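Below, each structure is written out as structure tokens.
You will see two complexes here that share chain A, one where it goes with chain B and one where it goes with chain C.
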Partner chain A sequence: MTELKNNAQSNAAPPAETEKPAKVWLREVVEKVYQDAWDAKERGEPVGWSASKFPAEIAETLGLRVCYPENQAAAIAAKHGGQRMCEYAEALGYDNDICGYARISLAYAAGAGGDERPMPQPDFVLCCNNICNCMTKWYENLARMHDIPLIMIDIPYNNTDEVNEENITYIKAQFDDAIKQLEEISGRKFDEDKFAEVCANANRTAQAWLKACSYCQYKPSPLSGFDLFNHMADVVTARCRKESAEAFEALAEEYERNVAEGKSTWRYDENHRIMFEGIPCWPELQKLFKPLKEKGINTTAVVYAPAFGFVYNNMEEMIRAYCKAPNSVCLETGVEWREGICRENKVDGVLVHYNRSCKPWSGYMPEMERRFRKNLGVGVVGFDGDQADPRNFSEAQYNTRVQGLFEIMEAQKKGE
Partner chain B sequence: MSEIAGTAVSRKYSMGVDIGSTASKCIIMAEGKEIVAKSLIDVGAGTSGPDRVIAAVLKDSGLKLEDMTHIMSTGYGRHSLEIAHSEMSELSCHARGAYFQHPAVRTIIDIGGQDAKVMRIDENGILENFVMNDKCAAGTGRFLDVMARVLEVKLDDLEKLSAESQNEVRISSTCTVFAESEVISQLARNTHKRDIIKGIHRAVASRVGALARRIGLVDDVMMTGGVALNDGVRLALEEELEHDIFTTELAQYNGALGAALFAWQRSKKKEI
Partner chain C sequence: MSNKIENLLNRFAEAAEQPKRQLDAHIAAGKKVIGCYPYYAPEELVHATGMVPMGLWGKPGSPNKAKEYFASFYCSLVQMNLEMALSGELDQLSGVIHSTLCDTLRPGSQNFRIAIEQIPMIFLAHPQNRKPDYGKEYTRVIYTKILNQLEDIAGRKASPEDLAKAIRVFNRSRKARREFVKLAGQHPELVTAVQRSQVLKSTFFMEKSEHTAWLEELNQLLAAAPAVDWPGVKIVTSGIIADSPELLGIFDDLKIAIVADDIAHESRAIRIDAAEDKDPMEALAEQFAEQDQDPLLYDPAINSRPPHIVEMVRQSGAQGVVVLMMTFCDPEEMEYPSLMKGLKEANIPLLKIGYDHQIKDFGQARTSLEAFADVLSMRA
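After this line comes the complex of A and B, so read on.
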């Protein structure tokens, strides 16, 4: 099996653009992903749409440009286009029980517009169901709508902590098949050296991302955990790019400086620290943030850190890494991830988003809540919402739950 | 300082105002120990309810607003009460109110106008954790309001009619709108209203019972909120959860009571 070199170990030279705030840099990296896709389309090259945890290394190695519907949907939702797009999809016959990202994406594919985050229409789609089972039907619909190839990688749900050998063999065969299909689409041969370089970039990005996230361990934290939601876009869309790794390294350096200088991107009191569980309600980010900042509750743990911060040294480890996504791991692994970051990042409460768009994720939350209460001994509170459809969120209900959590944390603090 | 029945008031008072979605409740307490006056108006946030309920307790007690050392608001409309010195969530207030009434209480089931919540409190009456209903109004007071209207019975009569049921009907929908359709279908089949009502109570108990199981039931279990006054729901919940569940005459005032107690605590802190 090919051994992959790890660029992160090589102490790369500091990026030339260190003066630019990392958040600006990170934003530019994402913009470039989309611009590259537009340019490729302009040149007549095939452009793909990809699930967020499809092995990006394959398309990148073959020089194929891809866009990410989940990221696009989040951007459209954050800019308040979610309801319009969801309603468009519903008028096409897609039920409002379906994931909001899927509805936005299907609406965009059907020509609904989406000026909030435009991207070229797809010539092929890359689907991997490790992130959610909903992806399969979503991408089948995209492929049928545009009459284009669907490259599917099926990751079996992991009922145990370990990934079994049969699954590795099964997934490896699918990787090989995906490479073959994408060779035909791109008209290029898969280059192992290029693949090793791309994987090294992905590892370097993942390590830099994990490092940046790890600064939440400091008390007070040098960052607002909500920043990580925004920076997620780079981990999803540009993991295999050197620029992405460099931008995250710059972000980690900024946090390091913040620690040294006693600064933080969290500009409020840090009375309490919580884990925010789940995808945020993108259309209502300000409303989510408001009671937290007013009460001095910083988010210092988000599950995206372990979920997207994976590093591997060879193809088998890479396959194992792709088996570990939020909706493809068993309850025990999911609890272990979360309780790990809760302890490391010293949270005294957990705020759980029961996301109407994400049934698999929200489905096992009641049991997770029970375990958090038992194992962590902290206040755990849930609220109803949606990652993209604003109709599923009630600000008054959310505020009451946050206030209740705050009062529990205050009482526990005074009891110490 | 005001006078009560010609006697100079020497005691200190606090006020708790619970502005819910369907009712406003207010309590004045003397020195955090004794309820001096209480009032309830059947309209809540955004209505004349809060002003009227405050006016009513002041009239009953012969006190003035200036006599209050601290006024605390709670409930859905807690942010809108200008005269309040502070506010707290109804969760903490229910915990405090219930503990005041019955110090052995560890689990509180509160069914209000538009939400249902289950709270766990510790041996000092401090809120440890809670779960609330999701966005859906199924299993709340509003659910019963809608059903009573469809059945053309008074809300207060639900309990009595339910107790007369001989043949309970199953209402399977948790959605208020779908459950309403089920009730209409049952009425069209000439099913006795009492049997439908018992089924409605069972549906509420099933929904709220699931919430209670999520947080885990520890005795003593107390039921608060307006729906607690309907013994049909309380008994259905007892059967559902296989636990004794008690309530008190102050069930609907419990949030306001907790707010008045917290208000008193805040005023004492200020003195220190």
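After this line comes the complex of A and C, so read on.
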């Protein structure tokens, strides 16, 4: 691959409907991803399911429509279908210890329905295990259920800040294999110019996403950090699309205006600012939000900003970028990401979600908690929850922990 | 003859149940010892540098200090390894090879590295796309890096001859263990489930050549033993680990013979030998590439494990399968529905029992095993 076109931003056309709120626009972009998949299915074209950090650039270059089971699972969970779907999967023999996203997805693939976020059943699946090993078996199960091809990109877990040369060589060979397999599935040849254009869109989306996230640094913040959880859907499902980049640019412009006008999407006092560590409990967003707004605690840092905001200039950099997923980096890199956004966004507390669904993520959180306390000097409190299965969340425990964090932050504010 | 068998089995039992004594003996003999986490640690490399590999598969008990690093929902094997390290029980080790094939081992590697400063951690991230040439080359390169780290610890280089010899030593050990598994299945009247486990477990603590010598002697005696009708039932076990004498004693009480296994701690690790007629590092990479039918590994054939276990049942003459499901082991849990379906289609009865290092009371397992044995007897 030659140097990518990174001039896309400067050539950006102004948003066609500038009066439309960016959040509506962003929602429409995601809707279009799913609609395009349905339309492709209708036309008899193969439709794929993809892991959120599979190199989306490959399928997009080949004009293949893909859906994202993690995004679907989050949407179903947020609309309170998580428990129903998890129980369906459990009846099939999947243990309730397994990731809630995986259980929801496997239930959907097995025909459980899922009106909260329907998507066409897959003709192929794209697995990349940079975010977890669970992904490998999840996608094998999908391929098995539907008797369809699985394209596997294995990103070995990294123990250091650096990505070794042998990893680059190994992953590049897998990218080449994936391209060949997807050329066969799509019936199209891989076009380098198209690829460069797709990568430019992905970079532009990432830059716009990072820019939007960066407004959390303002004090008071022009946005509620929980907004970013909602907008993540675009960066997961549509980062190779120009519309996605444009919508995020519009979002950043809104935040810029908010700063100028002293407005914010956070409509409460901003007594304190925290990092929310981990994936939110989608089924319980209101319950998560309630004590925070009551106490005037705005979330101004989420780790998804650096996790999905990756920009690259060539194939090697792209491979390195895909090696840097939240659960594929070493502890030190994970700490550095988080402490970076905590400092930039001036947080005075960290709320850690011990996510029952996510062993790789939660598995080094106790050590991270200690480092946050020591290095940042902020209050840190953890609570038990789940990204998709509401049975693993206790509102009473959560409220108590938030109260504890609030008291620590209040005491620190008063200099006690 | 049965006295000889019993004597040998007692020696294996002692080695299996007293790893600390084994460790002390290695150290007293002037050997350095390297701890090896599951799964597929290239122990041959340790041997080739003149050191002794010892398996780290946890131990019975509950984590205490390890709770400072892990929430409660992590497998007890990894937690108890960290617990032992935090308690100083592993301080005699000169290094630990830490693998990362599951979502507990990933953060586990980081926790070990930062918490256990006194023991160098040798990081191991196997490739899942291990079969294509580029996957084998990646394995070869990372194994070579591991070898270099081991050489630094050992203070000596491993020559190609050392590596080739190590491969021969381990191939011979694997062959003897495979043979033993078969013979123990044919002679449950001579080798109980508890003893079977001790023979296989002790290999993780002993010098391989010594273990193999004992085992080859045992195998000869078993092979010469007359065939006897087994009055109980025969099963295949599947899971990560099944080494609790309390649980296995129930198998023995109920005359449930283990005639083959799909246990990571037992037969999964010894199915494939390394070639002895090619470059040793390439041979080890190819050996890993050929590992299959394991929930910890990507299966490019998508569903090869259930037919493999069905075939294992048929070949061994087993009447059913007992899955010892490691608590919080998501790879095993993810593969369970397919295994269940495959066995059902083949009309093979299946029992699932929860298992981990923290369980002290196997009363519920006894009840389930009693009922399962009854079902199998009635079908016979």
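Couple of notes before you dig in:
Here is the rule we go by: the second predicted complex is superposed on the first by the 410 of 416 C-alpha atoms of A that agree within 3 Å, B and C clash if a C-alpha of one lies under 4 Å from a C-alpha of the other, contacts with A are read in each partner's own complex, and residues count from 1 in each chain.
Assume contacts are C-beta pairs under 8 Å (C-beta built on N, C-alpha and C of every residue); 3 or more make two chains touch, one makes a residue touch a chain.
The shown structure was predicted, so the numbers you read here are calculated from the model rather than taken from an experiment.
Of the two partner chains placed around the shared chain by superposition, chain B is the only one that A:A411 touches, whereas chain C remains out of contact. Counted by residues of chain A touched, the larger count belongs to C, out of chain B and chain C. In the superposition on chain A, A:D154 makes contact with chain C only, while chain B stays out of contact range.
By the touch criterion defined above, A:S221 lies against neither chain B nor chain C after alignment on the C-alpha atoms of chain A. Of the two partner chains placed by the overlay, neither chain B nor chain C lies in contact with A:N130. Once the two complexes are overlaid on the shared chain, A:P360 sits against chain C while remaining clear of chain B.
When the shared chain is aligned, chain B comes close enough to touch A:Q403, but chain C does not. When the two complexes are laid over each other on chain A, chain A has residues 354, 366, 384 in contact with both chain B and chain C.
Those residues of chain A that touch chain C in the complex are listed here as 92-95, 97-99, 102, 129, 132-134, 136-138, 140-141, 143-144, 150, 152-154, 156-159, 166-167, 169-170, 173-174, 177, 327, 330-331, 354, 356, 359-360, 362-367, 384. Note for the complex: chain B touches chain A at residues 76, 88-92, 115, 126-132, 134-135, 214, 216. Residue ranges on chain A touching chain B, taken from their complex, read 354, 366, 369-370, 373, 379-382, 384, 392, 394, 396-397, 400-401, 403-404, 407-408, 411, 415.
Against chain A, the residues of chain C that register as touching in their complex are 68-71, 73-74, 100-104, 106-111, 113-115, 123, 125-129, 132, 134-135, 137-138, 141-142, 295, 298-300, 302-303, 325, 327-328, 330-331, 333-338, 340-341.
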